[in-house]
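What follows is a structure written as C-alpha cells; I'll ask about it next.
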C-alpha cells in the first residue's frame, strides 16, 4: 500500500492537557512549554503533526531519553505496526488506512506513552483524532482516566476506521458478485485483481496490528492499567473480526475468479456451438449444390424434371434432421 | 452472513425461576421484579427479547455493575462469539444460524451468567429457546442443577441447530454432485459459488464459537461447575464435528468446481470434434465439385462418360476413409 | 462417509473372561451375569453387539455409574473418535472403515475401560474382532496382560484395517495414473473426484483417531499401564503413517487433475490443428475453383489450352507449400 | 516410494570392533561371537545385512532384551523414520533413498544403539556403509569416539545421499524449465507429474527423518554424548536444507505446470488465429465467386467487359484490407 | 539461488582495531599479527576475504579452538543462515543477496564473535562492508561499543540490502501488472515465472535469516550485550517486513498469472467470435449462390427476370439480420 503524501514543510505541536475538571488545548511552538508544565494528576498529550522538522524529534528524544531507534522507526514510513517496551515508556506504531480517490493509502501514527503523558507522532493532519478532541472537550467520561485510556481511545478510532474500509470493499465485492454471476464481462478481471491486491495490502497491516494490540491486551506492560486492559481486549476483538472479514473476502474473490474462468469457457463453448451448428447444416448442402454445379456432360440427374424440387426437399430434410440432433444435444 | 431483521420497537422481559420443586415463568414489565426477587437455591433466568429499549440495558448494567463494554458488545450485531470473564460473572456471546427462504441469517444471543442467575439478550424471538422452556416445565432433570447448567442447555440448543444447517447444505451438495458428474450445465457455477460462500460464512461463526466453548470447557471459569464441564466438553465435540463437516464440504465443493471446469473443456472438445469431422469430410469433396464446376474450355474429364459416377465413388471412398480415421482416433 | 447399515432389532451380549490359565467365552442374556462374576486377576470383556435395546445400555450406565453423556455419545453414530477420562474409567470412541461394494462405510466402536474389565459397544457384527477371539483362544500371549492390553489389541486391529483401505485406494490411484498419462478419457474426472472425496472422508476419521491414540500413548491416563504405552505409541506411529499416505495420495490426485486438465487443452489443440490444416489447404483452392466457375463472358483464361493443367499444378504447389509450413510448425 | 527389492535368502553378520589402536572387521556366522567378545573401551558394531533369517533377529532380541515391537518395526519395510527410547538403548529407523534406473527406491536401515555397541539392520548390501568402513580402517579420527559417534557417521552418510538425489532432481527441473519456457510440448506434462510425485515421496521421508534427528540433537537421550550433539545438530541443519530445497522444487514445478497450461492456451489461440485469418479472407471472396457462378439468365454483370478484372481487383482490395486489420490486431 | 562466483586464488586478511580514540585498519599477511595484538578495551575485527587458503582457516580453527564443524559450515556455500552457540563464542552464518545482470546471486558471510573480537569470513570482496569501514573511520558512534555492536552493524547492512532487492522486484512486478491488465502478451508467462522463482529463492534465505536474528534478539546468548539486543530486535523487524513484502509479492504474482490465464481465454473467445461472425453470415449465402449455380435443366427461378436482384436483396437482409443478432449478443 502506498503511504499518504506528506506535507514536508510543517511541524505542528498540539498540546492537550486535562483532568476531570479542566480541559486545555493549545498549539505550542516550543517543546519546553510541554516539558515544563508538570502538574500532578493531569494527563498531558503532545500531538506532533508533520515530522518535517527533525530537530524537534531529536530534542524530544534527548529530553525524554528515548532510544534513537525509536526516532528512526517513527521517521521510517514503511515500518510495520508494533509495540516495544522501553524502560521509560511504551512505544507503539499503528497504521491507519485511508481511502482516497478509490485508492488505499496508509498513514503511520506512532505513540510514546508514559504514566501520565502521551506523545503522538503523525505525518499529516488527516482529521483522524478530531473526534477524540470533541469527546475530551464535551464530556468527562474520557477525562476521568489516565494516559493509557487516551491511548486506547486513539487506537480504537484507528481500528474503527478499518470497518469503514472493509464495508467499502464489501460493497465493491457485492457489485462484482452480481456482475460475475449475471453478466460476466472482461472488466471483471481487472477489478477482482485490484480488489485482491487491496485485501492483501490490508491484511499486511492487520496482522502486525493484531499482534501489537494482543501484546498490549495481555497485560504485559506495566504502564497499561489493569482496568484499561478490558478495553484493549475489545479493540483486539475488533481486529480479529476485521481479519476474519478480510480472509472471507479474499476467499470469495478467489471463488469469483474461478467462476469467471469457467464462464469464459462456457462462452467459448457457446460461440463454438453456433459456428458448428451453422457449419454442419450448410457444409453438406453446399457440397450437394456444388455437385450439381459440375459441368460433366453425362450427369443424368441434370435432365430429370424433379431434380430441383428434390434437391430442396432433401436440403430441408437434412436441415430438420440436424436441428433435431442439436436440440437433443441441448445446443439449441 | 446477514443478520436477522430485528423488530426495533419492542423489548420483552421474560422472567423464569425454578428449582426442583417449582417452575414459574412470567412476562415482567420492570427489571426490579427480577432484582428484588431473591430467594435462596433458586435459579433465576431473565430472557430479554428485543433490544430496542436501551434504557433497560443501561438500568441492568448499572444495577449489576456490568462493564459498559459488555452493553456495547450486546448491541453490536457484528460481534463475533466470545467469552469474557468479569469479576461479577461471565459474559458469553453466541451466534445462532437461521435458514430463511434459502438464505442464511445469523442471530446474536448474549448471556451474562452469575452463580445463581442468568440473563440472556436476544434481538428477536425466533423460537430458539421454546424447547428449553418446555423441558423446564415438563421435567425436573434440568431443574436439579444451577444456572451454569441452564447456560449449557441453551448453548447446546444453538449448536444443535448448526447440524440442521449443515445437513441442509449437505443435501444441496449431493444434488450438485449428481448434476456435476452426470449433466454439468452452467447453473452449477452459481450454485457452487453460493454454496462455498455460505460455507465460508458459517466457518466464520464456527471458529469463534469453538474458541468460546473450548475456553468454557477447559474449566477456566469459577462460575462453571466442575460437573457441568463435562457437558461443555460435549458441546465442544459437536462444534469440532461441525467444523470438520464444514471443512470437508468446502473441499468437496472446490473439487466439484475443478471437475466442472474440466467438463467445460471436454464439451468444447466435443463441439470441436463434430465441426472438424464435418469439415474435413466435406471440404475436400466440395473442392473437387468446385473443380468440375469450372468453365475451362479444355477439361477432358468433363466429356468422359464415367466421370460423374467416378466422382461419386471417389467421394464415398474419401468419406469412408475419413470415418475410419476418426473412428481410430476415438472421435466417433 | 456413510455409516454402516445397522441391524436395529438385536442386541447380543458376548462375555469373555480370561487369564493365563483359562479362557471362557459365552453369549449371555443378562448383564448381571457379567456384573456378578467378579474374580480376582481375571480380565473380563463384555462385547455388546447391536445397540437396539437401549434399556441394556441404561442398565449398564446405572450399574457402572457411567455418565449419561457417554451413552449419548455411544448412540450417536456421527460421533468423532475421542478419548475421555471419567473418574471410574476411560471412554474411547474409535471408527473402523469398511469397504463394501466399492463404497466406504464407517463403523463406530466405543469402549469403556476399567482396571480389570472392558466393555465394547458395536452396532453390528462386522467380524472385526474375530481375530482377537482367535488369538485369545489359541495362545496365551495376550492373556498374560490386563484389560488395557486387550484395548490395545482391539484398536490395533481397527487401525490395521486402514492400511488395507489405503492399499485399495493406492491401487485405484495407480490405475488412474496410467490412464491419465497414457489415455486420458473423461471417465477419469468422476473417478478422481470420487477418490478425492474418499480420501477427504478418511482423513476426517484419521485426525481425531490420531488425537485419541496420541492422548492415550502420552501416558495421561492411569488406567493404561506404563508398559502398554509402548504399544499405543506403536499404533500412533501407524496412524501417522496412514495420515502421511493419505496426504500424499490427495496431492497426487490433485496433480493428476491438473495433468488431466492440461491434456484436455492438448486434445482441443489437436482437433483444432486438423481442422486448420484441412481448411487452410482447401479454402484457397476452393476459391480458385470458384473463380473459374464464374460465368463472366470475358474471362480469357477459360479459353487457354493449358489453363486446366495449370490449375492442378498451382493447387499441388499450394498444398505442398502448406504441408511444409505445417511440418515446420510441428503440426503434422 | 517403492522399497528396494530385497534378497530374501541371505543374512550376513558383519562384526566390526575398534578403538584408537586397533580395527578388526569380520564376517561372523554366529551372534555369540559378537556377544561373548566383550572388551573394555572398544566400540563394537554388528552390521546385519539381509533380514531373511528371522531366527537371528529373535535371538538378538532375546539376548539384548529388545522389545518385540522393535523387531516388528525392523521387519516392516513401510515403517517411517523414528527414534524410540528404550531402557536398554536407543532405537533409530532411518531411510536411505536410492536412484536406480530413473526410479527412486527407499531403503530402510534400523539401528539399535547402546553405550558401547551399535547394531544396524539392513535389507540388502547397497554399499552405503562402505565409505565408513574405509574411514575406520584408514584413519583414527572416527575411532577415537564412542558408538554414538559411529551412529552419527552412518546417519550423516545417509543424509548426504539426499543431496545427491536432490541435485539429480534439480537437473531434471532445469531441463524441464528450459523446455517449458522455450518449446513446451506435451511430454512435459508427464515429466512434471512424475517429478512432483518424486518430490512428494521424498518429503514423506524427509519430515520423519527431520523429527528423528531433531529429537536426537536436542539432547533428549542419555546415550548420545553431549559432544556428539553438535554433530547431530549439523545433520539436522542438512535435513532442513534438503527440506527447503524440496519445498522450493515443488513450488517451482507447480509454477511450471501453470505456465505450461497457459502455453497450451496460447497455442490453441495461435491455431485459431491462422484458421480465422484464412477463413475471413477467403469466405467472402468465395461467396462472390459463387455469385457469379450462378446461372440466372438476367445477370447484367456477366456481360460487362471489365467484370472479371474488377472481380480480381475487389478480391485483392478485400485481402489487403483484411491483412491490415489482422496486422493491427497483432495476429500476423 | 546460484552462489556468487568465487575467486579461488586469494585470501586476504584485513585487520581492523578500534576504540573510541583510535582506529587502525591494515592488511596483514599472518594471523599471528591478529592473535598477538591483544590490548584491553579495544575491539578487534579480522575480516577474512577469499577462502581459498584452507590452511589459514585451519590455523584459526586451532588457535581459537573452533569446532571443526564450524569450518566445514563456513566452507560449504550451500549452508542456510543460522546461529550456533559454542562455549568460546557465537557462530553466525548470514546470506547477502546480490543482483548481477538481472540475476540474483547469494553471498554467504560467516561470523565468529567473541567478547572483544569478531572474525568474519567472506568468499569474495563484494564491497558490502565498505560502508561500515567508512562509518568506523569517520565517526566514533560505532566505536563506543563492543564487538556485538559491530556484528549488529554488519548484519544490518546485509539486511538493508534485501530492501533494495525487494524494491527492484517490486518495480518488475509493477511493470508486469501494467502489461497484464492492459496488453497481456505471452512474454508475461516467462517473466512471471522467473519473478516467482526469484521470490521463492529469496524466501528460502529470509526464513532462516529471520530465525537467526530472532534467536539473537531474544537475548539467548551471553555474548550479545543487553543493550545491543534492542538493535537486533530492530533488524528482526526489518526482516519481518521483507518477509511480508515477499509474501505479498508472491500472492500478487499468482493473481497475475490467474488474470493472464483468463485473458488468454478471452482472446481465444475473441478470435472465435470473428470466425463465427464471418462464417455464419457467409455460409448460408454461399449455399444459396451454390444452389443457383447448379446446372439442372428445370430450375424456374433461373429464367425469372428479378431473380438476381432478389438474390442480392435476400443476401443483404440475411446479413443485416445476422449483424443485429451478433450486436444483441454483444459480439460486435
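Going in written order, the chains are labelled A, B, C, D and E, and every chain counts its residues from 1.
Going forward, a residue touches a chain if its C-beta (ideal position, glycine included) is under 8 Å from a C-beta of that chain, and two chains touch if they have at least 3 such contacts.
Remember, predicted model here, so these are calculated numbers, not experimental data.
J.: Give me the chains shared as neighbours by chain D and chain E.
T.: Chains in contact with chain D as well as chain E: not a single one.
J.: Express in whole angstrom the distance between the two chain centres, defined as the mean CA positions of chain B and chain C.
T.: Each chain reduced to its C-alpha mean, chain B and chain C end up 25 Å apart.
J.: Would you mind pulling out the distance in Å between where the CA atoms of chain B average out and where those of chain D do?
T.: Distance between chain centres: 41 Å.
J.: Among the residues of chain A, which ones contact at least 2 other chains?
T.: Residues 261, 265, 268, 272, 275, 279, 283, 286, 290, 293-295, 299 of chain A each touch two or more of the other chains.
J.: Round the ring, from chain C on through chain D, what is the full list of chains in order?
T.: C, D, E, A, B
J.: Please give the residue numbers of chain C that touch chain D in the complex, ascending.
T.: That would be residues 180-181, 230-231, 233-234, 237, 240-241, 244, 248, 251-252, 255-256, 258-259, 261-263, 265-266, 268-269, 272-273, 275-276, 279-280, 283-284, 286-287, 290-291, 293-299, 330-331 of chain C.
J.: Name, in rising order, each residue of chain E that touches chain D in their complex.
T.: Touching chain D from chain E are residues 67, 69, 72-73, 78-80, 82, 84, 185-186, 189-190, 192-193, 196-197, 200-201, 204, 207-208, 257, 260-261, 264-265, 267-268, 271-272, 274-275, 278-279, 282-283, 285-286, 289-290, 292-295, 299, 301-308, 311.
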